[in-house]
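Here the structure is laid out as structure tokens; the discussion comes afterwards.
Which chain is which? They are A, B, C, D and E, in the order written, and residues in each are numbered from 1.
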Amino acid sequence: MQIAKVIGTTVATIKHEKLEGRKLLILRPSDETGEVYGKPFVAVDTLDAGVGDLVLTAHGSSGRMTEITAGAPVDAVIMAVIDRLDVQGKATFRKG
Amino acid sequence: MQIAKVIGTTVATIKHEKLEGRKLLILRPSDETGEVYGKPFVAVDTLDAGVGDLVLTAHGSSGRMTEITAGAPVDAVIMAVIDRLDVQGKATFRKG
Amino acid sequence: MQIAKVIGTTVATIKHEKLEGRKLLILRPSDETGEVYGKPFVAVDTLDAGVGDLVLTAHGSSGRMTEITAGAPVDAVIMAVIDRLDVQGKATFRKG
Amino acid sequence: MQIAKVIGTTVATIKHEKLEGRKLLILRPSDETGEVYGKPFVAVDTLDAGVGDLVLTAHGSSGRMTEITAGAPVDAVIMAVIDRLDVQGKATFRKG
Amino acid sequence: MQIAKVIGTTVATIKHEKLEGRKLLILRPSDETGEVYGKPFVAVDTLDAGVGDLVLTAHGSSGRMTEITAGAPVDAVIMAVIDRLDVQGKATFRKG
């Protein structure tokens, strides 16, 4: 899974019917301290995550392993909202 | 999903039979402002997208999760046409 | 899908039985003008493509969505031979 | 599979129900000597691996091929704990 | 498929039960001349390949399309041992 930060939202009127009512969020990859890097990607939210949250995303076919994304043309899903990350026994990120 | 911009079209007479009649568009990855970067890729259009549109693409097996691409040797599909992107509550892209 | 150019051929006596009789070609990724970049990869040919052809390749499980590659340990297949690419309405590549 | 080193742990109260009780570890890719490089990722532990262990991870749909991860929205799993790596017949890594 | 060179072996006592008795080899990606580049990865051997062999590897779910890897948490398999590579009609690699 990718550690990623939710940075924004999308609006798309024309979309595949299985995306109707789904929340598609913009994220950027993050390191273990919550610092983002690299280019943005879009994932389906299934956990009511909000902008600013640090989350975990599952990609590829694993992105379809939720009730909300099953059988849909989506390749990334938010499957956990991170409260805390510890590296070598020391907290590197805590949800604010 | 990848944010991407449709930049062109392809013509291919010799192709797998399941691609007959399918529109294969050329895209480049885009950031959250609509600015493209990196190398082009090709995706199947299922939403009548046009050159210049900013879209979302699903990759891998998720690219086959539409009626048009099911069972076909294709690994990328356009599944949404973007109207607007907001980052930190501020519009970074609006469809022209 | 990846735009790619066929640059060569492989010979492999010892291989998985489902590869018997299959043509495994060497390709390099290409941009929208037919100019190659990056490292080579190998894909199964299903369309009688030849060295020098610009083609489209499907990767991952989508590479197994042909009669020739179904159920085989292959992750890339040539599924179209490109005649022409147009970007912004102007031809960037035409088959010679 | 990726050679990777376990560097930390995650805490996530809000997560997909199939992740309940699962241990999600933070890893960094490693070369054949145990030296890490690149950005961290998160994988499900199925082998009681600990921080500091060098392991192998399977990604994508292969990450769901364990009893613990079957059907869950996870795309990476630890499937071996490395005791030793040999390159050209010489040990490059031994578990401490 | 990836052209890759077998550079070493792994020992892992603790592993998923479906890996019991499987040979997990260390490889590095290779170009069309047999010259390696980039970081190592690990693949299951199904063809009795040895250190020094140039091989083809299939990745992702395609890595499970052999009798030896079916249903196992593995995402890369050696599916051919290369005898020869030709680019533009000229041999760039021959097995020694």
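Assume contacts are C-beta pairs under 8 Å (C-beta built on N, C-alpha and C of every residue); 3 or more make two chains touch, one makes a residue touch a chain.
Just so it is clear, the structure is predicted and the values come from calculations on it, not from any experiment.
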{"item": "Shared interface numbering between subunit C and subunit B [over half = same, under half = different]", "value": "different"}
{"item": "Intercentroid distance (Cα basis), subunit D paired with subunit A, Å", "value": "20"}
{"item": "Centre-to-centre distance between subunit E and subunit A (centres being mean Cα positions), rounded to whole Å", "value": "33"}
{"item": "Set of subunit B residues in contact with two or more other chains", "value": "60-61, 63-64"}
{"item": "Sequence of touching chains round the ring, subunit A onward through subunit B", "value": "A, B, C, E, D"}
{"item": "Residues on subunit C engaged by subunit E in the complex (per definition of touch)", "value": "7-16, 18-19, 24, 26, 39-43, 51, 60-61, 63-64, 71-76"}
{"item": "Of subunit E, residues touching subunit C in the complex", "value": "1-3, 29, 31-32, 37, 46-47, 56, 58-63, 65-66, 69, 77, 79-89, 92"}
